[in-house]
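Dropping a structure here in structure tokens format, bear with me for questions.
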Amino acid sequence: MIAKTEAAGDTGLLPEVLAFSSSLALDLALVREDLLGSLAHLTMLSRQKIVPAADAKTIRAGLLELWSESAAGRLALPPEEDVHMAVESDLTRRLGATAGLLHTARSRNDQVALDLRLYVREQCAEVLASLGGLLELLATRAEAERDTVLPSYTHRQRAQPISLAYWFCAYGEMFARDVDAFAFALAQTDAMPLGVGAISGTSLPIDRETTRGLLGFSRITANGMDTVGDRDFALDQAYATTKMLLHASRLSTDIIDYTTTEFGFAKLDGQIACGSSMMPQKRNPDVFELARGKSGRAIGNLTGLLATVKGLPGGYNRDLQEDRATILETGPLARGVLSILQLAIPRVVFDRERCRAAVEGDMMQATDLAEALVKTGIPFREAYGLVGSLVRRCQERKISLADATVELARDVDPRLDASVLAAARPLDSVGRKISAGSTGPASVEKQITQLRAHAVRARETAAKVPRLTALFERLKDAAL
Amino acid sequence: MIAKTEAAGDTGLLPEVLAFSSSLALDLALVREDLLGSLAHLTMLSRQKIVPAADAKTIRAGLLELWSESAAGRLALPPEEDVHMAVESDLTRRLGATAGLLHTARSRNDQVALDLRLYVREQCAEVLASLGGLLELLATRAEAERDTVLPSYTHRQRAQPISLAYWFCAYGEMFARDVDAFAFALAQTDAMPLGVGAISGTSLPIDRETTRGLLGFSRITANGMDTVGDRDFALDQAYATTKMLLHASRLSTDIIDYTTTEFGFAKLDGQIACGSSMMPQKRNPDVFELARGKSGRAIGNLTGLLATVKGLPGGYNRDLQEDRATILETGPLARGVLSILQLAIPRVVFDRERCRAAVEGDMMQATDLAEALVKTGIPFREAYGLVGSLVRRCQERKISLADATVELARDVDPRLDASVLAAARPLDSVGRKISAGSTGPASVEKQITQLRAHAVRARETAAKVPRLTALFERLKDAAL
Amino acid sequence: MIAKTEAAGDTGLLPEVLAFSSSLALDLALVREDLLGSLAHLTMLSRQKIVPAADAKTIRAGLLELWSESAAGRLALPPEEDVHMAVESDLTRRLGATAGLLHTARSRNDQVALDLRLYVREQCAEVLASLGGLLELLATRAEAERDTVLPSYTHRQRAQPISLAYWFCAYGEMFARDVDAFAFALAQTDAMPLGVGAISGTSLPIDRETTRGLLGFSRITANGMDTVGDRDFALDQAYATTKMLLHASRLSTDIIDYTTTEFGFAKLDGQIACGSSMMPQKRNPDVFELARGKSGRAIGNLTGLLATVKGLPGGYNRDLQEDRATILETGPLARGVLSILQLAIPRVVFDRERCRAAVEGDMMQATDLAEALVKTGIPFREAYGLVGSLVRRCQERKISLADATVELARDVDPRLDASVLAAARPLDSVGRKISAGSTGPASVEKQITQLRAHAVRARETAAKVPRLTALFERLKDAAL
Amino acid sequence: MIAKTEAAGDTGLLPEVLAFSSSLALDLALVREDLLGSLAHLTMLSRQKIVPAADAKTIRAGLLELWSESAAGRLALPPEEDVHMAVESDLTRRLGATAGLLHTARSRNDQVALDLRLYVREQCAEVLASLGGLLELLATRAEAERDTVLPSYTHRQRAQPISLAYWFCAYGEMFARDVDAFAFALAQTDAMPLGVGAISGTSLPIDRETTRGLLGFSRITANGMDTVGDRDFALDQAYATTKMLLHASRLSTDIIDYTTTEFGFAKLDGQIACGSSMMPQKRNPDVFELARGKSGRAIGNLTGLLATVKGLPGGYNRDLQEDRATILETGPLARGVLSILQLAIPRVVFDRERCRAAVEGDMMQATDLAEALVKTGIPFREAYGLVGSLVRRCQERKISLADATVELARDVDPRLDASVLAAARPLDSVGRKISAGSTGPASVEKQITQLRAHAVRARETAAKVPRLTALFERLKDAAL
């Protein structure tokens, strides 16, 4: 049951109403953020002489105590409406009326905005660090599979031969865009909200720039009415997460398909996929199915948050409390999938023989042949037609295009001579590609280098974000 | 950490993979459903002589033990991949190899389908019972406010006078449709999945009709491949919940607006809205803001589940495990809002004077005047124009339409005589409405009666659903 | 440009505002519904003596003229805010002031509600008729493929042998649930809204039951404030459509996979899939990819409509106009996919040899073997373990389970004798299944019969709905 | 009906299948983008000597002809599967086989990627330009309303007095974030896809950097497999649009509420809101309701596109064609709302007297009073309590806080002296705020300046984007 407290004043609220409206069960995850916000606010109040230094010292000691107990897993906050009230109430229990000084020039509206921004900032940084790791891994796997040739697909039909390196780089490119998206979300989150009060600011001589500096933000928010009702930063994170999980979902579909008996391009290591004891040959790709399933979850979380914000009046509305479940789930959701991909991808073992066999037994090099004709001066659409005739002839004879003899080819059209026909060697197809962004070796080399650069960028962006533990070290004995 | 177990066989899975893929944290909420399913399955196996009666007795004793411990809050299941494995593993610990008999002709694919259906069925029944209460409440409030007149709104502009009873009935109608939607979801859920095995059925002589009867379902599912991959029933519940919360969101917006200082039509009792100790006059409508916010959450949950299912191959895919969070949240979400509305609505106190004053000071009875002219034989569009002229004249004189004198009216047009002008009395406007579905007293009376009938229907539908506790009573000593 | 008209009164609206707010471009699709509503309303007004019979005749002649011109594609309505104003304005141009009589006791709020319900009702009926056809088709295809054996899948890994008939029945079951959902949407739509006016009803002696009967609805809406703000019926249709397209998306994924070179279970006929002229061997499954893609679209349409309604005040709000694009797209979306499936499915040609070969070369009958052991009295978990050992032994020798000799089996465990080993014949696996809902022949026979019954039900439900053309025949010379 | 063409080869496709799969109805909107892409591709092919200069000239003349006819509204493309085939087919009709040269080293997969990026880029630029105009407008309106005082709201309850300028700035801040989001979407779109072919690149000596330069992109896409399956840029635009419309929806709710009879803070000019001729006093805020409704639509479009992409295999899948409706709707949706807001906002006329009256008659300055006490050294929570007592006393006497006499105040607590009580003058409340981001005059001045800077930034970003018409001028006589 939720008690009435000093902070909330005498309340005749029905206990059911308190239970319905309390966010404490979720908010408890934000206790570190809340304490850091209080430490920074207190330091500022003291420096501005709004709170006497002696009182500030007392209050800081109380906050440090709470932090230690929380870190040790020993903190049992009283049942209040939210984490802010719970901390205030606990602090009052410890320090008496002095605790009340901490709440000068602050309201729960700006407090929760700060806690959420600190939380989202930390999560974005962790995601970026993890994306860096994933990109590095994909680059490494690409490097090792430069010479593995397999079919590429359009419409899930075999299209053209590519190197497996190229396939890894394709997913690398998607996750590289996610670095951009998370860097954007991070930049949007990077504004310090504390000090706007309930909505309109204060007549007390606070200094928001001091608080900003202490908490490691780049700027302060510009307008309090906007600040207390703004959850755009959370939407940005939810959106970046959703798009990243879409990429993971596509990678997962490819791996799920490639590890079927039918494709047989890859096998999952027993460390990431268990068979049943009855069917030990089975290796279910649960990890990838779950990653794909979670992309649906992310879409839902994003949509829900968008719908919650839609149509609200300006300023703070309690509807916004429904942001909590999504915000708290989003970071771990993103990080969980990124971590598991980094564990799982090295344990997807490609079967180079089967990959190559798939390329050899098909007609995927038809385009190469057409391009070889174009090089001899034949217009593309005509070349296209000639190759079509040859393919049809091969089909009739039930041979693959690679097995077409010069005689057969010349019979279709004399311009299909031996030198042109050389372009029908499927395993050479990849090597012949010379355009930028292609599966050709030179381009793939460049792609790998770029992925590494993206990895570095991701990690550097992450590294610049002050983490909660670092902030604590800075704040615990900052000059008052 | 998640251990390797008898059930799963030797596993070399990475602990991180087990942690990522385990659904146990959520599944634990389904332990009662899982035990009931096992009790029914066991009873059937015994009756079909697939499991010897003596063994069946032993196993049932073990299951009953688990139920008691669970009911007493003392059950600590081992860390397994899901609740089914956890129960199996714990049972094996207690009973040894005999426990293994229980898993004959069953797989986790049909087991989870059963647990989820039992859970959703119970939740739908509870929602229906609660909807019955809400409809009854709305009917009662409508009855008490038959004579309270207030403006109705279109475009959030005052439109025509209505009775407050009519306003309550409008929301009653919406929630009455929710009874239909939940009854539909319930009917869709009401098919017994157990016995289809992993996907294709079994060669053992099971009798699914027995299991169905024991678990109180109306029918068995028709095709196993469909059954193990089907979450339509959960979608149906999520959809019904979303629509119901949309209705709650609209009711909430009305109450939030009506309790502003500006509208002033109603006040919230202190039991459901606390002021701050500094601004004791404030009564924030948090309860209604949260109800509205939760409709966003419901939209997200529905969308997420739809997206998760989209594009999956037929049969069971592990992606479906991502249904868990939504399914477990949906029932409580619906019930939480319904409960709080039933507590809060009686504590929304309308200010009849302010409501009436709003009607009197306006021009909302213009349509009544036009209809009075129509009754004298003037075509509607012409009547419409005449009234427009009169309204304009009143505006110029800054008087309300009710204060227009016969002279003024006649000056606009002689057909606007005293008998027609009588229709301009705003407080009579409601009483004059005679059409079915209108705010007129006769129609409202009928609407109230209908709401009561919907309430009865909701409760009766709910009452027919066998609850988990009742099933347990039936199963704990069913003939083996 | 949108003109000012008699109906709207003098307007000084900016043309950009008229352009922004006009729904005419979409509404034009509703002109038939609008005219039918007017015909029914007029008939009622005349019978109630609210409009003189002579005038009613004149107006009806005008409406019939509009209908004919519309049917002939010659109707060019004036640029108005919406279809209702456009029809009114055009009628006034033809008939002068008499046209104004038609608008007695009616407002655009109830008029649009009627038009949309008539439209949605017709679409639901068409969808149901088409679902009937699809179910019939699936039953027929199932019948023809009773003896085709192929793998079933869980986690996209081969699971157990099934008949292709069973696979068709699985999808049949899904679409059979869609019959329920569309029948529900239809029932929810089946309430006649006209006569509630702008929001509160009327003081004129209209008879909504007459209008209801003329338009073939089962009941009238109960409360006008609810009626003018209610789009639940459109949500119900959008939801039913979304779920149906999810089923189509899963069917599509299966077919897309089965027609890959790798699976090779089926081929698409050239009538539904064209190759390029260069790669004539290619048969891209575009039709199924598009059907799957459209399920995403449906999810979006549903979500958008839910979000639009969320949080609106009671009564009519212009936000609701944003329902138009979704409502008008939803019916054709559903029908388009259903039609194309009925064209395409007969042209998916399964390769029975390749299907059978996939079953024969695998270990999918392991469960059968375990069940054979269970029948000899061995507990399931133990049987499970024994079979596992045998499978492992086969893997080591690189033979399939079907090729395991009695010696090899007995070497694993003496209970694995010849009679038990007989259960390892993969092609017999399907035939051995005897449980209800299984892939066994008896159950599949029953499933096919049920699908046919669902097809009949779908068509009968559709047939009961009065179509627009039938309504016109009824209304064009109804007694005035 | 859709014909078979040179380009597609002989086709036996059912006409229904062609109709179902054709995107031409939507694609036609992309004809300019398609022609520009062809002009740039042709120029590159010619410069690289892949196409002889003479042929290139002929083809360019044909393309220019198509452009002119399209610009003049005279272009009637043949009924093909998509705009690319339609253009190719028409060009072939005009030029014969030479036209075929244009398709060298190009596929529809990269062509559609280019067309969509050109389209989205142009739309983002237009939105940014329009956002610049809106920000400028909000700054100007804020400047004019520096001295208008009105209540701010939290929970839709009056909170604290603010200036109307501050309210305008709050929305300005939201739209300023939209500048960031659209700039991000623009940057993500700014990569040139042409030249990656169907998926793997080409063996012909194309130069993608040349094409990139000609089309004014900053970079080329890095990996073809990613490129042909990537619609992230469209998601980014859809997301930015959705968030922007959420801001518009909140602004709309505020204006809808403020223009109710009950709030009465503002009136809509007759140019943007028409009354009916019967109720000329009415001014329905349709424009703002529609803007709010469209935010729901945007949420749906975004969600639908996310769901469509979810779970697709890598590379191109035809599902992606379902991007078309969303992409083509999104830009106009955003621009339509931005344009109408710029027309409508200047025509929302605030009633300064009623705004001020709302502030004077309330207790919203309670916080000011508490802060005045804090300045005298009283801890905040104690000050908070004292003010609460005073407010209660005023309530009992039914006077506003501003009317509390020094005697009454002192009677509550002697520290509530005359100098403290001076802080209870509501109209001074705004002026007393001194914190950064507050409603105080200095902060608001800074906010207005910042909004102007954001406006400049938006316009400058927009101006850098080469528009289609400018590209045409560049390409129509580029050196071949």
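List of remarks:
In this document, chain identifiers A, B, C and D correspond to the written order of the chains, with residue numbering beginning at 1 in each.
What we mean here is this: contacts are C-beta pairs under 8 Å (C-beta built on N, C-alpha and C of every residue); 3 or more make two chains touch, one makes a residue touch a chain.
Please read all numbers here as calculations on a predicted model, not as lab measurements.
If you take chain A and chain D together, the chains in touch with both are B, C. Counting C-beta pairs in contact across B-C and across A-B gives the higher total for B-C.
Taking each chain's centre as the mean of its C-alpha atoms, chain A lies 35 Å from chain C. Averaged C-alpha coordinates put the centre of chain B at 24 Å from the centre of chain C. Computed from the mean C-alpha positions, the centre of chain A lies at a distance of 34 Å from the centre of chain B. Contacts with at least two other chains are made by residues 9, 154-156, 257, 276-277, 284-286, 289, 292, 295-296, 299, 302-303, 306-307, 309-312, 317-318, 367, 388 of chain C.
Residues 8-14, 16-17, 20-21, 270-277, 284-287, 289-290, 292-310, 317-322, 325-326, 336, 339-340, 343-344 of chain C are the ones touching chain D in the complex. Residues of chain A that touch chain C in their complex: 154-158, 256-257, 260-264, 276-286, 289, 303, 306-307, 310-312, 358, 362-363, 366-367, 370, 384-385, 387-388, 391-392, 395.
Remark: chain C residues 6-7, 9, 50, 97-101, 103-105, 109, 152-156, 159-162, 166-167, 169-174, 177, 180-181, 184, 187-188, 195-206, 208-209, 220-230, 232, 235-236, 239, 242-243, 246, 249-254, 257, 292, 295-296, 299, 302-303, 306-307, 309-318, 367-368, 371-372, 374-375, 379-382, 388, 423, 430, 432-440, 443, 446-447, 450 touch chain B in the complex.
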